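Per-chain numbering from 1; labels A, B, C and D assigned in written order.
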Amino acid sequence: MKIEFNSEREFDIIAIGRACIDLNAVEYNRPMEETMTFKKYVGGSPANIAIGTSKLGLKSGFIGKLADDQHGLFIKQYMAGVGVDTSNMVTDQKGHKTGLAFTEIKSPEECSILMYRDEVADLYLDPSEVSEDYIKRSKILLVSGTALAKSPSREAILKAVQLAKKNDVKVIFELDYRGYTWASKEETSVYYTLVAQQADVVVGTRDEFDVMENIEAGSNEATISALFNHSPELVVIKHGVEGSYAYTKSGETFRGHAYLTKVLKTFGAGDSYASAFLYALITGKDIETALKYGSASAAIVVSKHSSSEAMPTVEEIEKLIADRSKEAVTNQ
Amino acid sequence: MKIEFNSEREFDIIAIGRACIDLNAVEYNRPMEETMTFKKYVGGSPANIAIGTSKLGLKSGFIGKLADDQHGLFIKQYMAGVGVDTSNMVTDQKGHKTGLAFTEIKSPEECSILMYRDEVADLYLDPSEVSEDYIKRSKILLVSGTALAKSPSREAILKAVQLAKKNDVKVIFELDYRGYTWASKEETSVYYTLVAQQADVVVGTRDEFDVMENIEAGSNEATISALFNHSPELVVIKHGVEGSYAYTKSGETFRGHAYLTKVLKTFGAGDSYASAFLYALITGKDIETALKYGSASAAIVVSKHSSSEAMPTVEEIEKLIADRSKEAVTNQ
Amino acid sequence: MKIEFNSEREFDIIAIGRACIDLNAVEYNRPMEETMTFKKYVGGSPANIAIGTSKLGLKSGFIGKLADDQHGLFIKQYMAGVGVDTSNMVTDQKGHKTGLAFTEIKSPEECSILMYRDEVADLYLDPSEVSEDYIKRSKILLVSGTALAKSPSREAILKAVQLAKKNDVKVIFELDYRGYTWASKEETSVYYTLVAQQADVVVGTRDEFDVMENIEAGSNEATISALFNHSPELVVIKHGVEGSYAYTKSGETFRGHAYLTKVLKTFGAGDSYASAFLYALITGKDIETALKYGSASAAIVVSKHSSSEAMPTVEEIEKLIADRSKEAVTNQ
Amino acid sequence: MKIEFNSEREFDIIAIGRACIDLNAVEYNRPMEETMTFKKYVGGSPANIAIGTSKLGLKSGFIGKLADDQHGLFIKQYMAGVGVDTSNMVTDQKGHKTGLAFTEIKSPEECSILMYRDEVADLYLDPSEVSEDYIKRSKILLVSGTALAKSPSREAILKAVQLAKKNDVKVIFELDYRGYTWASKEETSVYYTLVAQQADVVVGTRDEFDVMENIEAGSNEATISALFNHSPELVVIKHGVEGSYAYTKSGETFRGHAYLTKVLKTFGAGDSYASAFLYALITGKDIETALKYGSASAAIVVSKHSSSEAMPTVEEIEKLIADRSKEAVTNQ
């Protein structure tokens, strides 16, 4: 099965949601309280995906709100610099700040993140700042779940999804769950269910699907059975080192395997996975191949220091896949 | 066309949302600042509809949150007294208050309402307090738009709609727009659109549909054309004294006429209309007849002092229709 | 001892703080959930004192913020009607509402009050709306403790006290504690202590002084010992039916006795007490006599239906004192 | 004139308020959006003063609230490491974050700061966490104005001042104005006036005193004339490169001159000034000498990268004063 995209569209993908700052520990292998220096990168799941797909050669755009300060300016300049269209990135006028993520790299197994998400500019994106004219120029609208955590960003996302569906733009929903900003698990479940039912492709970890269903230890079968009653055509459920499963509405199941690599830190894996997976789908590859692209891209990013700057090129991905041809994807 | 309901269900209708207090001016024909005495009634659109349908002989239930004080107690006792099932009306534990509506009756044309809606208990209904077991015992879930205005009531409603659709419960969406508690017109439009697209029947005034579409002076044709791409089977658009239009997905249009009456005040008309209209649909009457029931019920309530206590019986409605048989409903 | 006031001043007293609506049960001797009709009066401690002193013939003014609706208009018209200067009562422009107090009159011993104090206009009085030119025209600034419960009203009061002290205006602090709007007992204690130390006269019940000191069952001796290290010259501590004690910085103690009366309800007693007590002080009576005036005024108000409209005249007070001459005040 | 301190006390100084993180640009002479690496230091005016006085050999303590994360841990470890007593630094349990200050060092004249002050832990210090037993062990309570910007920190400070005055602890008020967190200029003026009137020593820039008085271009004469009607014995008003003036209640005026130095950045100057000035007063030096110590300490800090780590020793200060003996303080 292949997902069909509207080939007339100028943009391959428009991502919506947060664009933030990562402050990554320069000194490794120690707790953050002993880390004295931090290096600055653009971060935030949908921003990383816009950057990642742009570096893979797709035409990407971004809808989001930036702080009116040096951090906001840096993000806009960086994203424009790697080719992302920033014409729909608006600047906050009410003193909200850029979200921050300080990373601690104690060991490959222990990577914690200290988030600054109070009153951040990205959550103040207003529905009036979401343009139908812009969205309808794209094949894909990429929605990340965190942007649903607070009003008015929540309503901006819901409006964007309504506009995408009205204009034949495929909606990709990356669950991207961050407990920090949500009022309750019930609240998360309501909005995740709402958007997942309207999306064409849903991507997340098994844990994130459990959050969506407000249950513990849910099964992939129950998840896809419920979702395929609604809009989704393709559901990708990631199980960490065990690899990932892609389910299609027509009944196929594909399994993708993780590529072993020397891990520096774990964050950034999901966004690089999504970027390469979507790149493969958009360029007409089949789902098995897309799963390989996703895994290869993730393997490259977890071995490097940043999430955004480390996003690989097509050549790097394809080289890794070729080198590891025995770590295959099997159609079960 | 007739709407089909699941005949196995114990409840005809479960309404969800606010149950409040109306404080109606005892002295008429003067501005409120000169009104010295107020009489207390239960109010709030979905509470009025639960009461109205119960007085018409239907089995009604209510999901909502009440203040933990004498006003909350009065509401629960009154609703139980007229036969509404109050088993799913929960009591707030955080000091929130009962919503109030002081009414001013200057003249039949000038009836203003002074609302107390800050931090009211009904808007604190939590999604965890919405029970799937309860909702699936009903033919209909009646949702009123005001309950979407604030979290967590908003999420409670969205969850109730998800549960209703999952369990073959018809969703009736009464737009019931009150500007007071909404953050912006964009926000209202997003949630009204969301719920209307998922509802089976949508009822509102032309002005309320304009709010839903975030436009001025919209047309019924555009409204139904957009909605019939989604779940709705029946859309009722009210045009005040000009009467109302009922549109079906199968392409029929019905017009209902208002019955002339001696008007004391205008509020309460919409809720009595909805009660009798739904009563007629549930008891298997056709849409033309349901429109007459709605108009007759509204005509009775606007001639009386309250909204809830004035809800008519079936006999009163049928007598008025018989008396006014020349004020007909025409299938256009 | 007598308190000396600046005799050059145009106003005898300017009160600052809340002016609200009381909705008093028309039907007595029943719980509020069975009360169906409510009568409207002006309420709120400082408003009652402005009204009470004006009815006693003093020149009173008021600083406060009113809702921009019919309730706000009623308050302004009523207060102007009884002679209070309303030139410094500003109208809120942000949709805040008038505070409400529904009263339940079950029996003389059981009178509860159901308060609406969320987002009320009076607590939005801004320091920029407090005029030095106005305050310095008065002998007395009457501050009620409840106005300290929330910003910006809190800052408006603190500024008014600073301006009063700068301009030789006596500050009377009526503790008037209402737990409802305060964040914590610690918070109340901090601001009550701050204003009490700067006041010239402090008036409250023993319970209210305990709140100020954040202790249980405090002693009058400890209270006055701490306060007389600061500005206060006179401290009045009320002990309910046991009567009240007035302490002067110069070391005198006076005891006032309550006049027995047929009690309808207990609320309003404190404000009528303060009005008459201040009237007596301002008109040059000694403290013993002022205590009698206070007790007599309270006895009259508790036998009537309202707090504001029931405020007595000088003749009524003096007649009651003459009639009850054996219920004396003794200098201990 | 010399300020007399209670010589029996264990602590020389207890500071109260914020302890935060400075993230100073590692790369200089460029705008912050082009700065890619940041170095972490403890920051916040009262924390800097506790650190500065401790490094000068005084016994310092600190009252404040820290985030329950790696940044909070770093601050506590660092302050304990330089000898500050951290027994009254409490850890927030509600997810609040450490305040941040990103510094931009474009040039010695252009040093901007990007503050993260939303929902920070230090502003959640509760009055219940301020201990009378701790405060009364100190000669001095050092209060910084920023801690008055929000509740409950505001009430914690007001309580601390009440306890200090009750227990013969000198109150030093460092105005330390940061516009960011205040609701309005009126609000700042109310609380600055309140605390300044109760303090023994008030220190600030001319601009900060203008904020306190809510005027533009105020005069030192008017400032001291108003303050000396209340508690202050000593008022220090800083005029930047023109130097500073110290006024005593007994009528003396002293002028301190700035020491010229090679400036790297301007921030940190005020805190190092206050640390050395207070050190000199506490160790019994006269006011002229204290002004020199303050200026010398400021000159040293502005030539270095951090505010806290750069705090000089007594030897460094005295060496600079000796080297620059011709840049004198004159008694005018």
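Please note the rule applied: contacts are C-beta pairs under 8 Å (C-beta built on N, C-alpha and C of every residue); 3 or more make two chains touch, one makes a residue touch a chain.
The chain list, named the UniProt way, goes like this: A, B, C, D = 5-dehydro-2-deoxygluconokinase.
Since the model is a prediction, treat every value here as computed from it, not as a measurement.
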Number of steps on the shortest touching-chain route linking subunit B and subunit D: 2
Common touching chains of subunit D and subunit C: none
Chain whose Cα centroid lies at the greatest distance from that of subunit C: A
Inter-centroid spacing, subunit B versus subunit A (mean Cα positions, whole Å): 41
Centroid spacing, where centroids are CA-atom means, of subunit B and subunit C in whole angstrom: 44
Centroid distance [mean C-alpha coordinates] between subunit C and subunit A, Å: 60
Where subunit C touches two or more other chains at once, by residue number: none
Graph class of chain-chain contacts, one of line, ring, star, complete, other: ring
Contact footprint of subunit C on subunit D as seen in their complex: 126-128, 151-152, 155, 158-159, 162, 183-184, 186-187, 189-191, 193-194
Partner subunit B, residues of subunit C touching it in the complex: 23, 26, 31-40, 69-71, 73-74, 77, 97, 100, 102, 104, 114, 116, 118-119
